[in-house]
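Structures follow.
Common to both upcoming complexes is chain A, partnered first by chain B, then by chain C.
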Partner chain A sequence: MANLKTSEKKTKAQSMGLHSEVLTGKTQQKFFNPDEAENFYYFGTYDVDFNKRTEIDVKNMECREANKKIDELMKDGYGTIVIKNPQGKHSLGVGILNKLNLIFEGSLGYFGCGSMDGPIVRINGRVGWSCAENMMAGKVVIEKNAGSCFGAAIRGGDLICKGSVGARTGIDQKGGTIIIGGDAGAFTGFMMQRGRIIILGDVGINLGDSMYDGTIFVGGKIGSFGSDAVEAELTDSDQDWLKRKLKVAEIGENFDVSKMTKVVAGKKLWNYDALEPTEKKGAI
Partner chain B sequence: MPKKKGKKKVKSKEIKGQLGKKKETAREKMIGQTIGYRYDVNLLPDYSRLTPFLKKYIEAMGWDDLNWLEDVHMGYEENRPAVFDRNANGWVTIPSKIKLPNNQQDRDMIARELLVKFQMSPNHPLVDLKKAYLKF
Partner chain C sequence: MCGIAGLIHRGNTSKVGFELQGMLQALKHRGEDSTGYALYGKTNGENFIMRFKIGENVAEGSSSVKEDVSVYDERKKIVDSYLSELGAKVIKEDRILPYSLRYEIQYDKDLMEFSQKIESVEGVEILSMGKSLEVIKDLGNAEVVCKRYNLDKVVGTHAIGHARMATESGVDIKSAHPFWGYPFSDVSVVHNGQLTNYWNNRRVLENKGMRFMSECDSELIAVYLAEKMRNGATLEEGMKESLVGLDGVFTYFVATKDSLGMAKDTMAAKPLVLYESDDLVALGSEEIAIRSILPHEIDTYDPFDGEVKVWQI
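Here is the complex of A and B:
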C-alpha cells in the first residue's frame, strides 16, 4: 500500500509548487520464486483443447448473446470455435482472456476482437473500425481489408491484416506488432509509445506523428513524416526479426526486407530527463 | 616557506540527455539515439537464445513466437534487476540468488520466463483479487 510522507529535500518540481509530498511504497515488494511449478495455466481461465472443435451460427444472435455463447463453449473445453454468419456485427469476440482458436467465416463490424488476451483469431473477411483494440496478447489474422484505428492502443500480441488498412492504424500503441500486407492510411502510428508496425505497401501522410517510442517499418512509399518521426538505420537484427515475423504472419515471405525504411521517434517530445528518478520509473 | 597549494579536484559533472555529451552505450551508438529508459525497450528478441521453458510456453499457447513477451525486458527497480508485471501493475524484483548474465538478450529471456511463471503462480496478487471481485 502506498504511503504519503513529507519530503525533506526540495526537488525542482516541489520548488515550483507542483507537490509537497512523495509517494512511498509504490513498488510491490514481490520477489520471483525460481522454484515455481510449470503449469501453463492462468488462474481463472478455462482449460481448453485445441482439437475439440465446434461451430455456432450467429445469424440470429445479438453480439452479447454470441459472446456469451463463446464463453460457454470455452467452459466446456472447446479449443477451436468457428463462427458462421457474423454478417458485420459489431463487438464480436471481445474480452476473451483465454487461449483459443477462433475462426470467423465472414466479416466483422466495429470493435471486433477487442480487449483480448491470448486467443488466435482468423477472420475470413473484412473488419470495421478499431479491430483488436486494447489487445493484450494473442494473434489476429484478417484475410481482407480493415477500417480506421486498426489496433488502437494494443499492448501486446500480433495483429495482421493481409489487405490494406485505414487511417490512424496503431494509434496510441503501447506494445505488440501490427503487420499490414497492403497500404496504410494517414497518421499511421499516431502517438505510439511502444511496439512495432510493419507496412509492406505505401503509407499516407504524417507517419508516426507525435510518436514517443516504438518502431515503424515501411516497404513502400511514405506520404510524409509526422512531427518527431525520423528515419533510422535498418540493422541486421531488424532484418532477421522482420523475416521471421513476416513468415509468422503468412505474408510477404519473399519480401526484400533490406529495402524497408525504419522510422523511430526523434525524441524531441521527451522530457523525461527533467523528471525525478521516481517519476521517470512511473513514465516507463 | 610558503605552502604549496594543493590542486583542487574538479568533479566532472554528469550530463544527462543528448547523445555525444555523455558516455553512450554501444546500443545507443548503433541506433544513434539516447535510450531514456534504463534498458532498451526497442531491442528485438534474439530467438536463438530462447530458454526451454519459453519454447514449451509458446507451444502450449499455440503461438509461433514470443508474442506479447517480445515487449518484456529486464529493467531495474531501486537498483535491483526487476520485471514489470502489467497484470499486477508493479515491478517484481529478481531475488539476489539468481545470477544474471551480462548480455541483455539473455537477461530479457530470463525476465520473460520468470514473469510467465509468476503470473501463473497461485501466489500472484491477481489470484486473490479475482477471488474477491470476479463478477462473471
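Here is the complex of A and C:
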C-alpha cells in the first residue's frame, strides 16, 4: 500500500485546509481541483435557484415518497426546500447529489442525509444513527443531539452537531470534518483513515482506536486512548485552522482552542508496505 | 435485531397498553416474530396476578409442536389442584386463549416454592407473577398481540415491551420477551442484543437454584438480576454489575413495581433513544417509537456506553 508523506507542494485545495497529507507509492490519490469543478457532472442533477423556496409536510409520507418529492422539487428548480414534521423518520434526504438548501423542521431517524454530495442541510432537531453516512461534500448542521456512527465513512464536507453524539463517531472516516459541540461516546474515530474530528466536550473510551490517519481534536476529558492512538503537539497552524473552522461552523464561540488535545495515529500498527507472503516468495 | 420500548409516567397513570402498542408497532420492522408487553397496572396491590401459559401458540412461523386442546385442559386441572395444595385462593380466573390464562390469586407464602410447584406441570410456564405486573406475550406484531389480549384499555404507571426477531432460539412464546425476574414479584426484563457468555452464566446460576425456562440468551438477564437481588443487591447495583458480568452486546430495560431502568453495554453497540421530562420518561430502540406517543417536537438523546439509569414512578 501507499507510503504516506507530508508534501511541501500543496495544491490549491490543500492550502484551503482540505488535506494535510499526500499519498505516494503504490496508491495514488487524485485531489479535488477547484478549477475542474465545473466539469463534474452527475446524472440526475438539476439547475436550482436558491431563492425559489417551498415547503413540504412529510408527516403522512413514507421516506421513499418524501425523498422522491424532494427530487421532483429540485427538478422544478426549487433551491430551498423546508421539510415539515419529519418526526424521526428514517432515511430522509438521502442520495442528494445537487446544490440545495435543505431545512428539516424536526428530528430525523436513522441514515438521515446519507450518501449526499453537495447540499447544505440544517436539521432543527436530533438525528438518529449513521447521519450523513458516506457524505461526499456539502454541509450538515444539527441543532440538537445525534446518535451513534455519526458521519460514518464520510469522504468530505462538514458535519456539525451542536449537541452531543453517541458512540463510534467518524468510524471509517475518509475525509471531511466532523464538529461536535457537546460530548462524544466510546470509539470515536474508530478506524478513521483521513479527515478531522473536533469535539469541544468530553469523549468516551477508546478514542481513535485503530485509526490509520487523520486528526482528532478534543476540548474536554478523554476516557481513554484506543489502540495506536497517540497525543501529538498542537501547532499554531492547527490552532489557526480550528479557530477558522469553528467560526465558519458557528459553534464554540470564544472557545479556547489552545487547550485542546490533538490525537493522531501512532502508526505502530501500520503494515502497509509489508509484502504479502506470496509476494515475498516471488521476491526471493 | 429486535426492538425494545418502555415508558414510565411519574405521579400519574395512563393507558400504558395502548401507548406501548403504538411504540412497539413503530418498531415492527425490527422484528415481528413475537411481541411482548410487561404492563404495570393500577391495582389494589393486595392480590397476585399470575399470567401463565399451558401450551404454545402454533401459528404460522412457530417452532412449537401442535397439541390438542384437551391436553391444555388437563394441565389446567393439575395447576388448579396444585394451587389448592399450596393454599393459594383463586379470586378470579380468565382463560383468555386456550393456552393463555390470567388468575387473580390470594397467596402469602414463598414465591419460589409456588413457581416450582406450578411449573412442574409439563408445558406450564408462569409468564409473570406480581401485584401490578402482567406479562403478555405471543406471536405476531404489537397490533396483533394487543388486539388478541385486549391490552389497549389497560391503565397503569409504566410498561416495557419487545418486538422480536428470533435469532438465538425458536419462534415461540417461551422464547419471547419480556422475561419475568423469577422468583421476584413484579420484575420483568426486555433485551436487544446477544449475550456471548450465556452458557457459562447459566451453569453457575442453575447451580445456585435459579430456573431457566427457555434457551433464549435474554432470559439470562432476568435471572442474573434476580439472583443479585436475592443476595441483597438493589436493582441499580445489580444492573451495574451486569455490565461486567454479562458479555456481548446489549441494551436492556428492567422494570419493578415502582421503577424502570435501562442499561447499555460498554461498547454501546445497540441503539437506544431516550426522552425525559418531569412527568414522563419514554425510551426505545429508535426515535420513531417515542414519536408514536409524542408527535410534537421533543428533545431526545442517546445514553452513552456503560450507562445505567433508573427512574421511579
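Everything below uses one rule, namely that the second predicted complex is superposed on the first by the 229 of 284 C-alpha atoms of A that agree within 3 Å, B and C clash if a C-alpha of one lies under 4 Å from a C-alpha of the other, contacts with A are read in each partner's own complex, and residues count from 1 in each chain.
Definition applied: contacts are C-beta pairs under 8 Å (C-beta built on N, C-alpha and C of every residue); 3 or more make two chains touch, one makes a residue touch a chain.
Computed from a prediction, not measured in an experiment: that's the story for all the values here.
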{"item": "Partner chain(s) touched by A:G195 [first = chain B, second = chain C, both, neither]", "value": "first"}
{"item": "Of chain C and chain B, partner touching more chain A residues", "value": "B"}
{"item": "Touching partner for A:D158 - first (chain B), second (chain C), both, neither", "value": "first"}
{"item": "Touching partner for A:W270 - first (chain B), second (chain C), both, neither", "value": "first"}
{"item": "Touching partner for A:F187 - first (chain B), second (chain C), both, neither", "value": "second"}
{"item": "Which superposed partner A:K221 touches (first chain B, second chain C, both, neither)", "value": "neither"}
{"item": "Which of chain B and chain C A:S148 touches, first, second, both or neither", "value": "second"}
{"item": "Which of chain B and chain C A:R53 touches, first, second, both or neither", "value": "neither"}
{"item": "Partner chain in contact with A:D213 - chain B first, chain C second, else both or neither", "value": "first"}
{"item": "Chain C-contacting residues of chain A that also contact chain B", "value": "none"}
{"item": "Chain A partner contacts - residues on chain C that touch it in the complex", "value": "266-269, 271, 273, 286-288, 290-291, 295, 297-302, 304-306"}
{"item": "Chain C-facing residues of chain A, complex", "value": "87-90, 106-107, 109-110, 125-126, 128-129, 144-148, 163-168, 183, 185-187, 204-205"}
{"item": "Chain A to chain B touching residues, read off their complex", "value": "26-34, 36-44, 50, 99, 101, 118, 120, 136-139, 155-158, 175-177, 194-195, 213-215, 232-233, 235, 237-238, 241, 244-245, 248, 264, 267, 270, 272-273, 280-281, 284"}
{"item": "Sites on chain B touched by chain A in the complex", "value": "16-17, 30-34, 36-37, 41-42, 44-47, 53, 56-57, 60-65, 67-68, 70-71, 75, 77-78, 83-86, 88, 90-95, 97-98, 114, 117-127, 130, 134"}
